[in-house]
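Order of writing sets the chain letters: A, B, C and D. Residues in each chain are counted from 1.
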Amino acid sequence: MATVVSPSREASPNIPSANIQLPAIQSYTQVNDDIIGTLRPTGKWFAALGFAILCMLIGATAWTWQIYMGLGVAGYTPPVMWGVYIVTFVFWVGIGHAGTLISAILYLFRAGFRTTIYRCAEAMTVFAVMTAGLFPILHLGRPWKFFYLIPYPNWRLIWPQFKSPLVWDVFAILTYLTVSATFLYIGLVPDLAAMRDRETHPVRKRLYSVLSLGWRNSDREWRHFARAYLFLAAFSTPLVLSVHSVVSFDFAMSLVPGWHATLFAPYFVAGAIFSGIGMVFTIIIPIRRWFNLKRYVTINHLDAAAKLCLFTSLVVGTAYLMEFFIGWYSGSEIEQSYWWNRVYGQWWWAAWIMLLCNCVLPLTLFSQKLRRNTTWLFILSMFINLGMWFERFVIFEPSLAHEFEPWQWTAYAPTYIDWAILLGSFGWFSMWFLLFIKNLPVIAIAEVKEIVPPPLSTPQPVEGIDVSGMHLEFEPETPGERD
Amino acid sequence: MTVRRKWAVIPGLFALGAVAVLLSAYQGATSRPDTIITEKGSWGYSAASSPQGRSPEQPIHFPHPTHVQTLGMNCLYCHYAANKSTDPGLPAVSTCMGCHLVIGPKRPAMNGRPAFESAEITKLQKYWNEKKPIPWVRIHHVPDYVNFPHMTHVNAGVTCQTCHGQVQKMTQVYQYASLNMGWCINCHVGNVNPAWKARYDCSVCHY
Amino acid sequence: MQGIVGVFRDLDSTVDAIESLKKMRAGDITVYSPAPRHEIEHIIAHGPSPVRRFTLIGGLLGATFGYWIPIWISDYWPLVVGGKPVPSWVPYTIISFELMVLIGSLATVLGLFVNSRFPRITMTVGYDPRFSDGEFGVWVQCPPDRQRDVAGALQRFGAAEVRGEA
Amino acid sequence: MTENSAPSGVGRREFLKILGAGSAATAAIGCSSDRVERLIPYLTQPDETVPGVSNYYASTCRECSVGCGVLLETRDGRTFKLEGNPDHPLNRGALCARGQASVQGLYNPDRYRGPMIRKNGKLTPATWTEALQLMGQKLGEAQSSGGAGNAVFINKHESGSFPAFLDRWLADFGMPAHLSYDALADHAVIAANRQSYGVAWPSLSFSAAKLIVSIGADFLETWGASVPQQLDFADARAKLEDAPRFVYIGPRRSLTGCNADQWVACKPGSELAIARALAGGSVQSAADASGVPAATLEALQRELGATKPSLVLAGSSGAGSMELALAVNELNKQLGNVGTTVLTDQPITSLEGIATDADINAAVEKMRAGQVPFLMVRGVNPAFTMPRAAKVADALAKVPFKVSFSSYPDETSELCDLVLPDHHPIESWGDAQPMNDVISLQQPGMDPVYDTRQTADVLIDLAKGNQRTAARYTAQNYMRWLIDNFPGGTTAFTAGLQKGIGSGSIARPAARPASTGAPQAPAIEGTNGDFYLVVYPSPTLGDGSGANKPWLQELPDPVTKICWQTWIEINQQTARKLGIDSGDVLQIKTEQGELKAPAYVYMGIQENTVAVAFGQGHSAYGRYAMGVGLNPGDVLPVGFDAASGSFAWTATKVQLTKVNEFTPLVTTEGSARQHGRGIARSVPVEELPHLEMEQEEHDMPGKPDQSYLPGLRSRMAADAMGEIGDSPSRVQKGMYDPEHWSQMAKRRWAMTIDLARCTGCSACVTACYAENNLPTVGAPYQMVHTAFLHGVPGGNILKGREMNWIRLERYWEGGEDGGEFEPRFVPMLCQHCGNAPCEPVCPVYATYHSPDGLNVQVYNRCVGTRYCSNNCPYKVRYFNWFGYGEPARPQYAWPERMSWQLNPDVTVRGKGVMEKCTFCVQRIREAEHRAKAEGREVRPNEFTTSCAQACPSRAIIFGDAADEEWSVARMAQDRRAYHVFHEQLNTYPAVVYLQKVTHPAPKAAAGA
């Protein structure tokens, strides 16, 4: 028998280590069977899609009405010039961040538990940013003039004003959308090839071949692919941090009391990742249940993600405390009065919802029992989504309502138009996501194959063949999954 | 071979996309050039400059050449306010009748041209007798948010033809310039005639 | 072009086969695998991928462009806002950064396309759908006179199927 | 992408469409929705007009009886703005809010389009021939039947030739002299003045006084000739150290009271006792009667005795007000103020000859008795201004034939059988005599908007049509009649028209004997109820005639800052006791009726008193007035001060109950407290000498140098242009370089606002609405199709969406615990910061800093991110939430003919764009163009902004701070100067405020 030189992991930085094993998966073929097998549309799925589209149409109708009548139909109450739309914008951008974190940053950090959940997360990112991108336009007084913000040679001989955080936003969001969409697509190519090779239906086969760019799993392709994938991940990592920092600049760069704080960039990024992981739970837990993918997305994966969630929650909590501390410590009456209004003013309850959902409830994740209880994780994720939406609300509205000029202090109340458009945004997001889960593999086939034991001629592992990391993060007799 | 063909396609797509974006942007940004819009098809563009080349039918087919070139009348005779007001001013019907009381529809033979009956002068007299003003159709229109003071331009020595074209040669007046912002700025910064350069601060025209 | 493709069920025998084929200088070898295996990569032993150059150049272009555009525009029609310097490079750093990431990433993708000849419409010879499923393939491009030896080698290492393609 | 939705709405160029001055044909085109833009030439060229260039016709304001001089700014056949006539001795260029809003009466969409005749029960349009023929016939009948002797003509009170002409005309038809009605006039004071001085209204010299004591006389609002009084009062206050101290005594602290240094709250009806006490009578009894601490009264008494000259004023509206007025006149005589501060030799003659309320009531009673066969009403609305208890409608029902000359469908004209709509004053000829030897001429600015006729002309035509009188009416119309009877004849008249002023005096109709037997109102103490009810005329709506003008409806009440609504003011402490909060609905009840309105908790009202403003609650009078607010007249008894015949507004106590409802107050007020943020600052007069020009302190490490560069220039902006500090070589200054050929950067437009002068009257606000095409947003019809508050008056203002580029903030200082409090007024507008926070956040350069120091807002560039507004610490940016400027939208703010008022120089903003104060940039550019055409520089103080021009306190000064020749440059150096928020935010505002100066009670008095 020929001996095979034992490969070293250093030699191949492009292949992520897999430190969470999938004991239930035995062969490559099984992976294809299981994952591509989930793609058969069902009646339930059509129902869900229909509902999502309905919600979206409600939002679209509201928007049409708003464009025709003017922004006045929304609940704006000067000086609260930025209302629910901007809140929702930041909410969705934040959601996106967890996706990139899991798919890119954890990739660089070789966190193996990302492998089976990153595809969903990345898709979530793309759709969330697509949703978020609507809101700045939606909130414009004259949305049809949006192109004024885009630098292009024009006959007016006048250009955007690059000192404005909003222009930074345009660049940041568009870059983020492009890059994460590319990242998602490149990761999909080998899987598309796998689907192409299984597909019998001529039209769909044709479609998949076009999408898979004629991928054929050759060693050269894998080489360039891995390299490109690595660089995209390397770009996405600072990008994801910068995008939400830029979003936070929209507020930190203004002089509104309660916004004008150096704390904002890290504060927003942490919040974003926190909210995103919440949304990942909301999405992944039902999927693994309905699609019967528990063998892939094991409880250990969720456990690891839950730890990340707990950590970011603690960061966010600290940020809240810091904000209030700054308000108190500044000694400035202006700072203190906005703070007071935030906690005891018109929207006091929103502030308490925020603290409860984002700081108190996540503390339960200190218990491993609850970390490994998918039902609880799902419920908690719902609270986190709610809490993070209200966090943005609490940061923006009370501050605007309580600025320097007491004569212009006011109260703010959204109208049903605002709510309809918020609903529409969820409909829009869900529509894309539902289309995604039934048309593209929700788990990265190729990457899973990397961590399942390769087929070998001899039953037991041959010396020198790396059957991908037997060193476990969880001792074998961890308490089992409760669901 | 097939691969090369593919290569041609990709940048082509990018280029197409870019062009589409620019075109759509121009569409919004400026008036639609080179479209002749007759009165019937036109719209009340309160916010966009009127389109270049537009040449609507007028209620009376007023021949500028006859009056300016043949008779040598000055623009300011009829557009009497152009040098003292933001509005150039339109001739009152009485101004027309000042001459056309005498010069009736019956035009005698003159240097080669046979005598004829002028339908236009008849129309004019009809308006006058009915004491109705003539509903001229506006051709040159800058948006409402643009303040164009005629007198400062005229007094600065900018000729009427600079913006309105050779009206004295137009049997039917059409819009000569594009009237879009770049066109204004280009002259204000002195590219057309250094002597004409003027303040190019936004608030000079937009308020 | 013509050659021999061998279909393998196991990773180790694939690796062995490649090794021996390289020894016998059988010709240009292409390995198809359902997932990237660094064992194979190690055996094939190509140099580092040139994609990184695309990335570098793209990133640099983006960064420069991101500074140049706003500065040029500020001086093109100087308007003072909030008493800030007309061309103020600090905020423009953000533009520069974003464009670096954007153009850098797109260049990376371009690099991937160029280097692995994407997109490709016609499946090249020697490919088999099983390679995206569970099995490994070894495609050896070699003149007819050597095909016999190569086929022999492949079979010797336990290829489930060996076929010549032309 | 279409541009058709850029800020457009009604364009300036709508005016070009309607060049042809006012002929019906062109008017039709002007309002046509024809998509083809038409250019309509004149038929015949009017000689004195140039299209696009304004003409100013001097005329006279007829909104109240006083008769200020105005200039009608007219262009292309449209009068679109009223400004005070600077040459007029009475108002010296100033004009109050109601005067400015007169133009909205002219173009009011609800005006009568033509004569109306009542056919089977309802008024139906008719032609003038029909109408006049009917009128002539009825007149004939009246003459022949002898009923003419009992006919009644109630005319809006006005001075000048018309009253005499009218009486003569009536006489010719055998009718008694007309009744000249003014619901706002203080008849008691007039009667008392006639008795004491022989004139109805001596002019008052506040600046000559050292102490002003006003016992309920609101001389800054509706009491007498408000504009001239305010001018003089402001001049007095501007004397700082030598300024008079001002004490206001009354149950309610009105706007005038808010300008007082001290407010003494007394029970209604106890004013007389106080006046007696001040005159040296028993302090104790006064104290008992009024609930004022005896010490306060003693101190006042002493101070009044010690300070000479002083000025004591009385304005009362209850039983026994004549007595009070007489007592005060006596007091003035005794203090030797007559001749020094009370100038009986220069009376306001326009207040002569007003019929008392009792006279009107007597006439109404006659009608009720069925003795009046023929009634004519012009310009007044007794059915609204008289209390419901007077049952005017029933009385009118008894009159066989009623003619109204009203221009608007008001409560009275709705009851009439024939409506012969009068011209609006801006369309009419006339004259007024505000002062001796001053004739203020009134000429039309434009052709009539609708098919109306001036009443005087109608009367002449009728007289001509009647064989008995025809011979005596030769003048072809009233204008000719005026000229013929004008002192000095045609030449003097035409000469006078140039300035709007002629000299000489006009024959006044003989004073008619005051009617007797008016029901004497009982003393208010006697009435039953638990709260005194004070009903006061609204400073903005006057006697309710302003209610159909959206500018006035939208103008917040200067004290309570409430608009589009009626509210009940109740004392803070009392409210606390009763658990009442602002907005809780209260019900007040009398024998006459009840009234349910939200409470406004106010420190400035006596604790046993509630107050309601009069002027709202119309049941007719057009879309802006109908169904808005309530009429306190519904709960008032019919009672008079028999001695003077003045109606007792403050006549009764009421039962007050808290209803379990809540109605939010339509107010523009956020927080009435400054929270120590130094927005409105004041300084006690004794500290004035130590006051230093605001010094920027550098105590904090790293704190930037916040001092201004010469000419109010911003350090930062200059730095940005590399003017100071190390100028980076590559910085491109462009037009910001003072040496640049455009010369723009040489100027820095700026404004000073003297809070010592400002009285908070809000005339500047309306002036801004008029000049800058600001939409009104509160009308009920504008609230349909919105997602909230469907059809609620002022709904948009509940949402804080008022569009007032300049607003008057009214802050309270102190008084939280019911003690003394100081009101402070501060006009807040765009500060045009040199270092504006709003600019750098705009992504599209829609707002930026222009070289001449303006913070420019380019509407057509704005995409509506509203970031600028978030970032504006002064909150002076306003957003077009709806298409207020787009005729197609239900929120359109200028329904048909209202749009003719739009200023052709200012873009009408469409929906979705931000707007704000521009420092009247259109006036700046217009002046620059004029100067350029004349080949010169803009002269110092050559022009000013609309607000500064209108301000009746002369508190606002505008100009170029970089040029010492302009007075603003000097004012900015004043020791009282300060800038709002500059220390905290480093914004370098171009608006400089001068601190208010307060005059606390003298120490001795305080000690007592």
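We take it that a contact is a pair of C-beta atoms (placed from the backbone, for glycine too) under 8 Å apart; a residue touches a chain by one contact, two chains touch by 3 or more.
None of these values were measured; they are calculated from a predicted model.
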{"item": "Chain at maximum distance from chain D, centres defined as averaged CA atoms", "value": "C"}
{"item": "Pair sharing more residue contacts (C-beta pairs) when C-D is set against B-D", "value": "B-D"}
{"item": "Chain A and chain D: spacing of chain centres that average the CA atoms, whole Å", "value": "58"}
{"item": "For chain C paired with chain D, centre-to-centre distance based on mean C-alpha positions, whole Å", "value": "79"}
{"item": "Separation of chain B from chain D, taking each centre as the mean of its C-alpha atoms, in whole Å", "value": "45"}
{"item": "Interface hub residues of chain A, defined as touching at least two other chains", "value": "144-145, 147, 157-161, 163, 167"}
{"item": "Residues of chain B engaged with two or more neighbouring chains", "value": "24-25, 28-29, 200, 202"}
{"item": "Chain D, residues touching no fewer than two other chains", "value": "1-2, 5-6, 837, 840, 842, 845, 848, 861"}
{"item": "Chain B-touching residues of chain A, taken from the complex the two chains share", "value": "144-145, 147, 150, 152-158"}
{"item": "For the chain B and chain A complex, residues of the former touching the latter", "value": "21-22, 24-26, 28-30, 178, 180-183, 185"}
{"item": "In the complex, chain A residues that touch chain C", "value": "1-2, 4-5, 7, 9, 11-12, 14-15, 27-29, 32, 151, 157-163, 167-168, 171-172, 174-175, 178-179, 182-183, 186, 190, 193-194, 196-198, 209-210, 213-228, 231-232, 235-236, 238-239, 242, 246, 249, 446-447, 449-450, 454-458, 462, 465-466"}
{"item": "Residue ranges of chain A touching chain D (in the complex, touch as defined)", "value": "69-79, 81-82, 136, 139-142, 144-149, 158-161, 163-167, 170, 250, 253-256, 333-334, 337, 400, 403-410, 415-417"}
{"item": "Touching residues (chain side chain D, partner chain B) in the complex", "value": "1-9, 11-13, 16, 19-20, 25-26, 29, 34-45, 50-53, 735, 741-742, 744, 845, 848, 850-852, 854, 856, 858-861, 905-908, 910, 918, 921-922, 925, 929, 932-933"}
